[in-house]
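You will see two complexes here that share chain A, one where it goes with chain B and one where it goes with chain C.
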Partner chain A sequence: MAYLNLIVPVLLAAVFLITITSGRHRHYHLSIALSGVIFSALFLLFDLPRLISDKIIVYYQLGWRPPLGISFAVDFLNYTVLLLIIFVAIASLFISRTEIREGKREFYALFMLLLLGLSGATMTGDIFNLFVFFEILSIASYALVSYTGRKKAISASIKYLIMGSFSTSLILLGIVFVYGSLGTLNMADIASKVALSSTTATIVGFGFLISGFMFKAAIAPFHAWKPSVIRHTPVSLGLMFTASGTIIGLYTIFRLVVTVGNLNLSGMLIALSFLTMILGAVLALQTTDIKKLLAYSAISQTGYVLLGIGLSGYVGAVYHMVNLVIIDVLLFVVAYVVIKHFGTSNLDKMGGLGVGNPFLFVSALVGVLALSGFPMTNGFSSKLLIYLAGIEVFPIATFVAMLVSVLTLAYSFKMFHLIFFSNRKGAGVVEIDDTLKIILIIVVVLCVVLGVFQGYFTGVMGIISGSGLDRELYIKAVLGLV
Partner chain B sequence: MYGVVMIDMVYFVIDDWFFIFFLFSVLTYVFYLFAKTDSDVNMSSKKPYACGLSIDPYDEKVPSPSFYKTMVSVFHMGAIKKMHKDDLSTYLLWMFFGVVFVSVYLLIFNF
Partner chain C sequence: MMTYIASLVFVIIGTYTVISKENLIKKVIGLGIFTTGIHLLLIALGYRFAGIAPILLKNMGLSYFSSTAVDPLPQALVLTSIVIELSVTALALALIIKNHRLTGSLEA
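Presenting the complex of A and B:
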C-alpha cells in the first residue's frame, strides 16, 4: 500500500466537499482545503521510510502493470517536487485567508483542482496521464485567473487560455508522435525503447513535448504569459503559479530530457537559459509593479535551473529549484503584506516602511539577499554550484550567469529600496497576520540554513538529483524487473 | 554517519555562527540607518543650499523611480519592453519560433 496513491483521491474529495457543502464559519472552505493539503503532506511523510529503503515507490493503478496499465512512480526527485508544491500550497492558502473575501467556494474548489493536477503530474509515470493532469491544472488555472471578474483579469485569462491551449496541443501532438513511433505511453517503457527504436517522429515528438512543458515553466520564448497573469491574479494565486508552476514545468523537462529521453540538449538548454535569465532580469529592472517584478524574477531564476541542467550540473540545478521555491514564498508573502498595506502593487506609490517594521524589514532583506546570491544565503549556495559546473564545461556560461546576478542584485534592491526607503513619510506600521509571520520565520530560517550548511545540503541535493539521473533503476522498478 | 555530520554541524555553528550573525547584523543595521535617514524627512526645516538658495528636503534627494528610469534609459531596454505589451499575436509568434528552434535542434543533434 502506497500512501502517495491516496493524495489524488483526497484532493478530489476536498474539491467535492468544498463544492457541495457549506458551513457557517467564514473559513469553512479554507479549512477543508487546508485539511486536504495537510493530509497530502502526511501521506508524503508516511511513505518517506519506504522511499529511503526502496529508492523508488511504484504503484500500479488497479493492479494493471505497464506498459498497458498506468503507474505512479515516485523517486527522491519527484518526492521533493511534491513536497515543495504542498509547502507552496500551504503558504498560498494562508495568504488567501485574508486576501479572498468573495466567491470562496469557487476559489478553493479550483485551487484544490489545481493542486490535484500538480500532484498527479508530479507522480505519474505515464505521458498521457501526465497530459491529463496538466489539462486539469491548466483548466483550473484559466478559471482562477479570471476569478476576480475584472476586465483585465478576464482579458489576461483569455490570452493565457489561447497560449495554454497552443502548448497543450503541442504536448498532445508530441504524445501522438512518440506513441506512433514507439508504441507505448509509459515513461519507463519509452526510456527502454528510445535508444534502439527512435525515429524522426520520436525526436519531433520529444521536441513538441519539451516545447509544451517549457511554456508551463515559462522559459523564454514561452515566458510571456506569466507576468500578465500574475499581475491580474490575487497574490496567493500568483505564488502558486510562480513557484509550483515553474517547478512542475522544470521537473517534467528534467524527467523527459534526462530520465526518459536521454537526449543531448546541452547547447539548446544553455542558449534558452541565457535568453530566459537575461530577459527576466532586464524586464524585472524596468517594471514598477511588484507582482510583475516577482514574475520576471522567477523567469530569470528559472533560467539558472535550466542552465544547471544544460551544463550537466544537476546538483546545482536541483538545489536552485528548491531555493527558488523558498525565496518565492518569502518574497510573495512580503509582497502580499506590502500590497495590502498600501492598497496598490505599484512600487512607485510605496516607500518609507524601513522605520517601525523591523520584522518585515529583516525578512525582506534576507529574501532580497538570497535572490541576489549573497554569500551565506541559499541563493549563493546553489548559484555557486552552477557557476562551478559552468567553469568546467563552458566558462562563458558562468560569466553570463554572474552578469545576470548583478542585474538580479539591481532589480531586487530596487524593489527593496522602493518599499523600505524612498521619501515617503508616515508609511506606518504594517500589520502582519500571525500565520504569515510563522511562514516568514520558517522561510527566512530555511534561506539561512540552506546557505550556511551548504556542504551538507549539497550532499542531500546530490541524492535527489542522482535519483532523477538513475535511468536503469527507474526503468527496472516501473517495469517490474527488480 | 549521521552522528559525524551532526558533530560537524555543531562545530561549524560554534566556529562560524558568530561571524555570520555579526556580519548580517551589521548589514541590517546599515540598511536600517539608510532607511531611517531616508524616511525621517522634516518638511518644516529648510536648509540653506550651497549658493544661498533654500531647498525643500524632499528635493535634495533623487526620487528612486527617477533613478531606475535613468538606468533603464542608459541600457536602451525600451525595445524589449515594447515586445512585452500584452500583444497575443507577438507572444504566439515567439512560441512558434521557440517550437521550431527546439525541434530543429533536436533533429540536428539527436538523430
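Presenting the complex of A and C:
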C-alpha cells in the first residue's frame, strides 16, 4: 500500500468540493485547494522512507498486474518532479490569494484539475494513461487561460487550444504506432521489448510522442504558444504553466528517450536545444513586457536541460531542471509584487524601486544572478556540469551554451535595471505579503544552498538521474520480476 | 490496406484544414478530421477478418479463441479518445462563441 496513489483521488475530491462550495463562502475555495495540495505533499513525504529502501514504488491499479493493468511507478526521478510540481503549486496558490478576486470557484476547481493532470502524468507507468492525464491537464489549462474573459485572453486561449489539441493528437498517433509495433502500452514492457522487436514504426511512434511532449515543454519550434498565453493570464497561472508545464514536458522526454526507448537522439536533441536556447534568449532581449520576458527566459533555460540530455550529461540536466523551477518561482513572485505595485507589466513604465526596498532588491538580485549562472548560485552549479559534459563530447555545444549565458546575463540585467534603477527616483515602498515573503526567503536560500554546496548536491542529482537511467531495475520492478 | 490509406488521407486533410483555414470553426472541424484519422488507424490495428467478440465462453478452446478473437484494447482506447475529443471540441466551440460575442469575428 503506497500513499502516493492517494494523491490523484485527494486532488479530485478537492475539485469536487470546490465545485459544490457556493460563491457566498468565498475564502473556502483557497482553503480547500491548499489543504488538497498539503495532503498530497504529506503523502509524498510518508512514502520517502519506502522509496529510499526499495528505490522504486510500484502500485497496480485495482490489483491488475502489468502488462495487463495500469500501474503507477515512482522512482527518484518522478518523485523529485512531483515534489517540485507541488512546491510550485503551493507558491502559485499563495500568489493567487491576493491576485484572484473574481470567479474564485472556477479558478480553483480548474487549478486543482491542472494539478491532478500534472501529478498523474508524473506518476503513471502506462503511455495511454499518460496521454489521458496530459489531456486532463491540457483541457484545464485551455480553460484557465480564458478564465479572465478578456478579449485577448480568449483569443490566446483559442490559439493555444488548437495548437495544443493538435499536439496531443500527435501523442495519440505516436501511441498507435508504438502499440501497433510492440503490442503493449506499459512503459516497462515497451522498454523490455524495444531492444529486440523494434521496427521503423516504433521509431516513428517515438518521434510523434516526443514532438507532442516538446510542445508541452515549449521547446523551439513548438514554443510559439507560451509567451502570448503567459502574457494574458494571471501571474499565479503563468508560474504554474512555466515551471510545472516545462518540467513535466522535460520529464516525459527524459523518461521516453532514456528509460523507455533507450534511443540515440543526441544529434536531434542538441540541434533543437541550440535553437531553443538562442531563440528564447534573443526574443527575451527584445521584449519589454516582464511576463513575456520571463516566458522567453524559461524557454531559453529549457534548452539547457535538453542540451544536457542530448550530451548524455544527465546529472547536469536534472540539476538544471530543479534549478529552473526554483529560479522561476523566485522571479515570478518578484514579478507579481512589482506588477501589483505599478499596475502594469510593461517594463518601460517601471523603475526606481532600488530605494527603500532592500528585501525585494536582494531577492531579485539573487534570482537574476542565479538565472545567468553567476558562481555561488544554483544556476552556476548546473550549467557548469552541462558545460563539462559538452567539453568531453562536443565542444561547440559548450561554446554555444556559454554564449547564450552571456545573452541571459544581458536580458536579466535589463529587467533588473528597468525595475530597480532607470529614470524615476523613489517609486515608493513595495508591499509584500508575509506569505510571499516566506516563499521568497525559502527560494533565495535554496538558490544559494544549491549553489554553495555544489559537490553534495551533484551527488544527490546523480542518484536522481541514476534512477532514471537504471532501465534494468525499472523493468524488473514494474513487471514484478524481482 | 485500404483502411490505412484512408486514415492517412484523413490525417492529411485534417492537418491541411487546421493549418490553412482562418475560420476557427473550420479549424475545429479540421482537428476533428485529424483525430478521426487516428481513430481509424487504431481500429484498423485491432481488426481481424471474420473475427469474434473477445469474450471467452466455457465451451471454447483457448487456441481457437486466440486465433479468431479481435483485439479489444484499441476499441477501449478509441472510446476514451472520443470522449476526450468531445470535451475538447465542446470547450473550443464555447470559446469561439465567447470570442464571437466580444469581437464579432470568427477568427482569432
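Everything below uses one rule, namely that the second predicted complex is superposed on the first by the 476 of 482 C-alpha atoms of A that agree within 3 Å, B and C clash if a C-alpha of one lies under 4 Å from a C-alpha of the other, contacts with A are read in each partner's own complex, and residues count from 1 in each chain.
Note that a residue touches a chain if its C-beta (ideal position, glycine included) is under 8 Å from a C-beta of that chain, and two chains touch if they have at least 3 such contacts.
In this text, all values refer to a predicted model and were calculated from it rather than measured experimentally.
Trainee: Should A:Lys159 be classified as contacting the first partner (chain B), the second (chain C), both, or neither?
Mentor: After superposition on chain A, A:Lys159 lies in contact with both partners, chain B and chain C.
Trainee: So in the superposed three-chain picture, is A:Leu285 touching just chain B, just chain C, both, or none of them (first/second/both/neither)?
Mentor: First partner only.
Trainee: Taking the superposition as given, does A:Asp348 touch the first partner, chain B, the second, chain C, both, or neither?
Mentor: first
Trainee: Examine A:Phe361 and indicate which partner it touches, taking first as chain B and second as chain C; both and neither are also allowed.
Mentor: Only chain B; A:Phe361 stays clear of chain C.
Trainee: According to the contact criterion defined above, which of chain B and chain C contacts more residues of chain A?
Mentor: For chain A, the partner with the higher number of touched residues is B.
Trainee: Contact-wise, after the overlay, does A:Tyr314 reach chain B, chain C, both or neither (first, second, both, neither)?
Mentor: After superposition on chain A, A:Tyr314 lies in contact with neither partner.
Trainee: Answer with first, second, both or neither: which of chain B and chain C does A:Phe380 touch in the superposed model?
Mentor: A:Phe380 contacts neither chain B nor chain C.
Trainee: After lining up the shared chain so the two structures overlap, which partner does A:Ala427 touch, if you call chain B first and chain C second: first, second, both or neither?
Mentor: A:Ala427 contacts chain B only, not chain C.
Trainee: Would you check which partner chain A:Pro227 touches, where first means chain B only, second means chain C only, and both and neither mean what they say?
Mentor: After superposing on A, A:Pro227 lies in contact with chain B but is clear of chain C.
Trainee: Return the residues of chain A at which the contacts from chain B and from chain C coincide.
Mentor: Residues 159, 162, 166, which sit in both footprints.
Trainee: Can you list the chain A residues touching chain C in their complex?
Mentor: 128, 132, 135, 139, 142-143, 146, 149, 151, 154-155, 157-159, 161-162, 165-166, 169, 172-173, 175-176, 179-180, 185
Trainee: Quick check: in the complex, which residue numbers of chain C touch chain A?
Mentor: 11, 18, 24, 27-28, 31, 34-35, 38, 41-42, 45, 73-74, 77, 80-81, 84, 87-88, 91-92, 95-96, 98-99, 102-103, 108
Trainee: Quick check on the complex: what are the chain A residues that touch chain B?
Mentor: It is residues 156, 159, 162-163, 166-167, 170, 198, 200, 203-204, 206-208, 210-211, 214-215, 220-222, 224-225, 227-228, 263-265, 267-268, 279, 282-283, 285-286, 288, 347-348, 351-355, 358, 361-362, 365, 369, 376, 410, 414, 417-418, 420-425, 427, 452-453, 456 of chain A that touch chain B.
Trainee: How about chain B: which of its residues touch chain A in the complex?
Mentor: 5, 8-9, 12, 16-17, 20, 23-24, 27-28, 31-32, 34-36, 38-41, 43, 58, 61, 63-65, 68, 71-72, 75, 77, 80-81, 84, 86, 88, 90-92, 94-95, 97-99, 101-103, 105-107, 109-111
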